[in-house]
Amino acid sequence: MSSFDRIIVCETPFDVAAEYAALQRGACADGACAMFVGSVRDFNAGNGVTQLALEHYPGMTEKSLAGIIADARARWGLGRVHVIHRVGAMQVNEEIVFVGVTSPHRQAAFAACQYIMDRLKTEAPFWKRETVHAEDGASEERWVDARASDTAELEKWA
Amino acid sequence: MSSFDRIIVCETPFDVAAEYAALQRGACADGACAMFVGSVRDFNAGNGVTQLALEHYPGMTEKSLAGIIADARARWGLGRVHVIHRVGAMQVNEEIVFVGVTSPHRQAAFAACQYIMDRLKTEAPFWKRETVHAEDGASEERWVDARASDTAELEKWA
Amino acid sequence: MVKVLFFARLRQQLGTGEVRLENFSGSIAALRDALCDQNPAWRAHLCDDNIRTALNQELVATDCAVAGGDEVAFFPPVTGG
Amino acid sequence: MVKVLFFARLRQQLGTGEVRLENFSGSIAALRDALCDQNPAWRAHLCDDNIRTALNQELVATDCAVAGGDEVAFFPPVTGG
């Protein structure tokens, strides 16, 4: 793991502003910074979502993210790479995931950020369970199903 | 111009944290937010850069950015699109440009953010003049040359 | 001893998150079959083609060999991010 | 009257950011030639193939027609972002 990598798996909210500041600190050589933030949506598969819980596989999670970042570094010339992922209970509009990448080159920053997200979505051991409003007005918990489109996105990096 | 667009051309520093907060405000339907930040590098074409000045074409700048954003909206389903660009004098490590895009879909947010940057780099009427350390230790001002690679990047959107 | 973990929906379906197997040797597929022989109700869930397998915290195919001290995990397709 | 603007390196090379032409009609290319006839030292800079042209703040090709009240701009390739 590079000393310019940061991987955080946390149960409490994280602060995108602080993450951006950390990415930029002393990174004078890197003119480009691409970031992605995924948040809890209030709607999924036709139902209103009120809450989300994220289960993960402690140990493998960090190992998986470190491997994805190492592969990104082998493909592109990158400066800092920060990946933050929430686990546990979350509310609508809270941030789930942050990926931030700096590079001297804009295309490398964009590509690496998107590559890390694409692989994270299909490989990193996180599972979402959402609480939705059922039709009868009651609340219902359900595991979120994986999307075939996420697997299809991986093909562009093959 | 959509009411969810924000275009700012400013002579003073902008705050990436505030821009992210504005993008996320009330955007519960958009789970994805892709951002790009370009900063003043301390090195370019073999010389140390100490300062940067950005000239622009007032009026056309805003019109050009609005046209690029409208084209992005025609291609992808987007929520908010914010583009901020500094003009005037800037110091090393200060932010020059911010592009932030929200969408219900990760791929749309990434693609639109990159598309807007690629077109901005080749069409929006901004010109950089940098102050560099010359070999004899004196300071020298020079206009930055356009890069052929920026024009080549446009081909992926054709 | 082999440590076997289950996550998410699969953990709920099997009613447990962890089992331990003594003196096992063989592939992950053989380990899965051994578990289903011990708990016939697990077969419908654990032998589903969608179930992913990890050996010592790395994604692997089910023909990988398992040895004493290993950690094996079974789980549904991931849905993070 | 046509308003003609120059930016960045080109503005410095020509020594001015703006000129006005009375009673001009024709293409942008013809306007450029008229300017170079009036200022022969401009030709090397203004007729460079790299120079971009805008008509009323939109990028256009040099065969576009210019009319009274229009704003024409010449500038080097952009380098923002």
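Just so it is clear, A, B, C and D label the chains in written order, and each chain counts residues from 1 on its own.
Simple rule for what comes next: contacts are C-beta pairs under 8 Å (C-beta built on N, C-alpha and C of every residue); 3 or more make two chains touch, one makes a residue touch a chain.
Protein names from UniProt, one per chain: A, B = Molybdopterin synthase catalytic subunit; C, D = Molybdopterin synthase sulfur carrier subunit.
Quantities reported herein were computed from a predicted structural model and do not represent experimental measurements.
Which chains, if any, touch subunit B and subunit D both?
A chain counts here if it touches both subunit B and subunit D, and no chain qualifies.
From subunit A, how many touching-chain steps at minimum until you land on subunit C?
Shortest path length, in steps: 1.
Centre to centre, by mean C-alpha position, how many angstrom separate subunit A and subunit D?
For subunit A versus subunit D, the centre distance works out to 48 Å.
Taking each chain's centre as the mean position of its Cα atoms, how many Å separate subunit A from subunit B?
That pair's centroid distance is 23 Å.
Quick one: report the Å distance separating subunit C from subunit D, using the average Cα coordinate of each chain.
Each chain reduced to its C-alpha mean, subunit C and subunit D end up 71 Å apart.
Residues of subunit D that touch two or more other chains: which are they?
Within subunit D, the residues that touch at least two other chains are 81.
For subunit A, jot down the residues that touch at least 2 other chains.
38, 106, 117, 121, in rising order.
What chain pairs are in touch here?
Touching chain pairs, listed by label, come out as A-B, A-C, B-D.
Along subunit C, where are the residues that touch subunit A in the complex?
Within the complex, subunit C touches subunit A at residues 5, 7-9, 54, 57-59, 73, 75-81.
In their shared complex, at which residues does subunit B touch subunit A?
16-17, 20-21, 24, 27-43, 92-93, 104, 106-107, 109-110, 113-114, 117, 121, 153
Going by the contact rule at the top, pick out the subunit B residues touching subunit D in the complex.
Its residues touching subunit D are 38, 54-57, 59-60, 63-64, 67, 85, 96-97, 117, 120-129, 143-146.
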